[in-house]
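Each of the two complexes below includes chain A, the first together with chain B, the second together with chain C.
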Partner chain A sequence: MNVNVGDKLLGYATDPGIRNRGASGGLVTAVLAAALERELVEDVIVLKHINEYEAVPIITDDVDEVLASTGSMHTVPVNLAKHATGKKVAMPGKPCDVRGVIEQAKRNEIDIENTYIIGLNCGGTMHPVLTKEMLINMYELDPEDVVGEKIDKGKLFFKTQDGEEKGISIDDLEEAGYGRRESCRYCDVKIPVNADIACGNWGVVGELAGKATFCEVMNEKGVRLLENAIESGYIQVEQAGEKEIAIREKVNSAMLGLVDKWTEKIFTDIPLQERMKYYMEQFADCIDCGACKEACPACTCKEESKCTMYHNLADDYKMSMYHMVRLLHLSDSCVGCGQCSDVCPVDIPVTTIFRRFADPAQKKHNYKAGMTLERPPFLEVMLK
Partner chain B sequence: MKESVYQTYCPGCGIGCGLYIRKDDKGNLSIDYMKSSPANLGKLCRFGVTLAHHYSEIKTTVTGSEADVEDAIKAAEQRIQSSDSIAMLSVGNTCNEEHMAFTRIADTLDTKVHTGLSIYNELASHCHGYLAGMPFAEMEKAKKIALFVDPYVQYPLIVRRLLIAKNNGAKILSVGTKKLNLADENLPLEPDEYETLEIDNESLIIADIHPNSDDDHIKRLIALAQETGAKIHFLRPFINGAGASLIEKEKIGNMSLAQIMEDIEAGNIRTLVTLDSDPVELLPDAEAAVETLKKLDNLIVISSRKSPVTKLADIVIATEPVYMKAGTFISVEGRVQENSGEGVDGIDAMSLLNGELGGKTFDYQQMHYRVKKCVENAEKEMAGHTDNKASDCVSDVKEVSRSVPEDMYELSYLYNPFMWFDQKDDNDFVIIDRKLVKELGLKKGGMVLLSSEKGKIRLRYMLSDLPEGLVLTAKKLPIATGAITNVSMEGC
Partner chain C sequence: MADRKEWEPKIVAFCCNWCSYGGADTAGMGRFQQPASVRVVRVMCSGRIDPLHVFNAFLEGADAVLVTGCHLGDCHYVNGNYKTEVRYQFLEELMIEMGLEPERLHLSWISASEGEKFASFVNKVTTEVKKLGPSPLKPEGVN
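Presenting the complex of A and B:
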């Protein structure tokens, strides 16, 4: 079967083992394994399973390690972009992973031609510790009994060892302070159209529900990825029907509807005269760990960076140069992935602060970071 | 490309922050965030974020020359057998199983392992519950918190717990240190003024214990807890400080570091055996520590990383880095946490040494089993003490007797992970009071000259509101003579 840019396909792994172990028919795992086996890439980035709530990214050239990797996990809010720097790799990625890769590529840290990205639809991820707390408090389940989770029709379901399935509305969970991470609630890229192929289970209905992946081919690299996997016998695909395409779009629209609600709720207006005070207060408990920079998938500066170069612990400015420089830097590169908030040791909502600062400028320039290589970062263009 | 990923805990302090250490096929290390870790949710302080720099390759040596482990163990055995005044030191920088193995050697030598904490000797055993720590959830529930540490610098991962407590309505009082953003009040109180804190049985006192702690200060705080019914939580440095005090505690000697150094100076200790414990890094006056250690006949170091004491040692027995070890650690919350590593080089080396010394050999599984038993016993024993209700714990508390000469200031160490391991950080400055800036006529961006009996040093300064006469530093300074040093100051 010929694959073309723009194709919308349904596919699954041909190997029953991969099909049953991987999520949604194991297509993503199979495509990654094929890319490695047939030397389309030298390495693959995958998540190594630690437990039901934790996985850790690893880079491997071992097909068996790829096949043993974990599938999509809602409780593993990592960003894989920085793992791809300087390598010829294939990787899965949520929209924010892909956006991070593109920001790295804009700054010449990633050769996008040598980086194959299998995008994964994402309605949002959850923090593992809060998820366990939520299971106890909201679901009345023992976190250790849980063997799987899924999102369906606006509800988050957990399955236990004895086969019991319990679902609660995501709205209700989030109103109670659980559910998706804050940055995921206002993230407005749910289908990774910036990847080489955009995959997910949205739109997979009927007999194939849960057994196949909906896959949109976004560019020529996506064609190569899929053809490579088909030729090597790793996957089978067929064209998606209008019904499947329409359902996928409907799910996406519903997710984006939630985004509008949360955006309005979180980004309340701060009067001009109070804005400086707001930023100073938000950063007042900062302990200067630098974790927000280290975890940022858009940052390519390494040790010699603008934000740290003019900053010293002994400085007692009302707001540190570190934060001032990062606010500016992130105004045209923040992809809103939430990593900085996740790793902040004093719980500063860093992502939301950066998004608040970046959004007006990005809107003004009709610019969304990490979506395409076609447009360079506007701030750097202006500085030239 | 083949990466190894180790699930481990930050060695910087006793909070027990989980993290991953990633090792690529060229041996390069990097960290990754373990977001499922309940102690820290994957969050790390500036020490943890730069942790890859902490680990340094170490080689087994005999009198400075590289050697096989077996040869080093034989040499160690000969030196130990020929000495009759031995001290052993393990402050808690390694896993419980290695600490247990170290106590086996102490048993064979009919001696004890010292943890550097003498406070355990100062309190009756039924009062040790006050030192045991407690879950951070207790911190979040307290109505009033009296802080005797600077959490931002010393134990950064409790800042978020304190902020949660504050959101829950707690009032936070910072006592005797610099102005803290999260504190409702910063109080420069002397010990005889602690009653003005008005704490009660819904309050929590937070302080720390470490090898340079002032035992009288700790006793005063315990007395305060007893009098008011407040809970007390002692934080600790080192990955396993809590484990070192708990595992085989009847075999723990509890000499302070200062006492050990005094005994070396007096010739009462002629051989020192250390397990991942470096007195040069730990003591406030590194230069004096080096001179004292040079007076030993035998300095035998079992260590997982290179540090100043490994340069001075007669024998170094190198073990794998802490993140690679098989073993468990106990956090200040009382969590028993286990590494994913499988390295047992340290255990095997100590087993071999114990065998050479005439004791029984052992393996990791035996040590691990013993550790589990110790933890179970300790849990049973401590169950009765967790409410901090033991009475008659404090006696013989000395009056505060600071003697700062006129026109001098008290330079005090804000002990933090970088300081405990004497590692480079962006902290070469002192923190001084606004009043002092005026007195010295200092200008923004200027320097201050500090002088003590050990010399002079020029440093940048940072402004804060401090108790009068106090100067703080988060960096070990060569002019320091102790945890507190009298200094004179001038602008320059």
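Presenting the complex of A and C:
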């Protein structure tokens, strides 16, 4: 079967083992395994399962390890972009991973021609620690008993060892302070149209539900990836019908509909007189661990970087120069992935603060960081 | 109030080597009266002025920062000042979002012959900043 750019397909792994293990037909796992086996790439980045709430990114050239990977986990909010630097890899990724990869590629850290990205639809991810807390308080389940989770029709389900399933609507969870991470609530890229192929279970209905993946081919690299997997007999695809495409669109717009509500709720207007005090107080907690810089998928500076070189505790400035330099330097490329808030040991809402500055600036230049390679960062390179 | 009258603001002016630094020179040669509040930092091109330099000036105790350069189209390095403009507009919005008065940051294109313009620009900003008082980012112990 010929695959063309722009095709919308339904696909699944031919091997029943992979198909049943994977969340929706094992298409992504199979495509990754095929890319590795037929030497389209040298390595593959996957998540290695530790327990229900934890997984670590690994870079592997072993097909078996790819097949044993975890698949999608809502409680592992890692960003894989920085793992792809300097290698010929294929990787799965949420929209923010993909945006991170493109920002890295803009700064010549990643060779985009040799990096294959399989985008995954993403409605949001959750904190592992908060999820455990939520399971005890809201679901009244023992976190150790949980063996699976899924999101269906706006409800979050958890399955226990005895086969019991319990679901609570995500809206209710979020009102109670649990649910998705803050940055996911106002993220407005749910389908990774910037990846090579955009996959997900949105739009898979009827008898294929849960057994196949909807996938849209975004560019030539996507064609190569899929054709490679089809030729090697790893996957089977068919054209998606109009009904499936419409449902996928519907899920997407329902997800995006929530974005405005949360944007308003999270970015409350701070009175003009109190702004300075607010930022000073937030940044005053900083212990200079530098974790936000390490985790940032848009940052490509190494050891010697502006933000650390201009920062000296002896200066005793009223506002941390480290954060100010990062803010000024990254406002044109912040993708809003939320990694910096996640890793902050003193819980400074770094992402939310960054978005307060980055959002208006990026909107003004009609620029969305990490969506296309054609637009260089506007603070660094003059736009025509 | 007595202190306030004696208080002289500290203003950092970034001047590009080819135009506005010459403008400041011409202002001096032309004997235009101007307050002693300005500290000039010479850079080769206004495109060299990173937003972080501006912010560092504030954190070091500047009450206002002036970004000056050649007129658009006259840049010695072809398009350096267009980049300055983009960064300046971003900084302007950042100042408001941060809660710092936007009157503390100014951009002006001044050519080497416009001594009078430089002097009146400095005069204007000094009066404005005197009204505003010291910057909230000024470190303790700096006047």
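Please note the rule applied: the second predicted complex is superposed on the first by the 377 of 384 C-alpha atoms of A that agree within 3 Å, B and C clash if a C-alpha of one lies under 4 Å from a C-alpha of the other, contacts with A are read in each partner's own complex, and residues count from 1 in each chain.
The rule we apply is simple: a residue touches a chain if its C-beta (ideal position, glycine included) is under 8 Å from a C-beta of that chain, and two chains touch if they have at least 3 such contacts.
Remember, predicted model here, so these are calculated numbers, not experimental data.
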For A:Glu264, using the defined touch cut-off, is the partner it touches chain B, chain C, both, or neither? Pick first, second, both or neither.
neither
Using the superposition on chain A described above, determine whether A:Ile58 touches chain B (first), chain C (second), both, or neither.
first
Taking the superposition on A as described, I'd like to know which of chain B and chain C A:Glu144 touches: first, second, both or neither.
neither
In the overlay, answer first, second, both or neither for which of chain B and chain C A:Val343 touches.
first
I'd like to know which partner A:Pro77 touches here: chain B for first, chain C for second, both or neither.
first
So in the superposed three-chain picture, is A:Met319 touching just chain B, just chain C, both, or none of them (first/second/both/neither)?
second
With both complexes overlaid on chain A, does A:Leu272 touch chain B (first), chain C (second), both or neither?
second
Per the overlay, which chain contacts more chain A residues, chain B or chain C?
B
What is the contact status of A:Asp288 with respect to chain B (first) and chain C (second): first, second, both, or neither?
first
Chain B/chain C common contact set on chain A:
315-316
Chain A residues touching chain C - in the complex, by the definition given at the top:
270, 272-279, 306, 310, 315-319, 321, 324-325, 327-329, 331-332, 356-357, 360-361, 364, 378-379, 382-383
With touch defined as at the start, can you tell me which chain B residues reach chain A in the complex?
1-3, 5, 7, 20, 24, 32-38, 40-46, 48-50, 152-153, 156-157, 159-160, 163-164, 181-182, 425-427, 429, 460-464
Could you list, by residue number, the parts of chain A that touch chain B in their complex?
42-43, 48, 50-51, 53-54, 56-62, 75-78, 87, 127-129, 284-285, 287-291, 294-295, 312-316, 342-347
Touching residues of chain C toward chain A in the complex: what are they?
50-52, 55-56, 59-60, 79, 82-83, 86-87, 89-91, 93-94, 97-100, 136-139
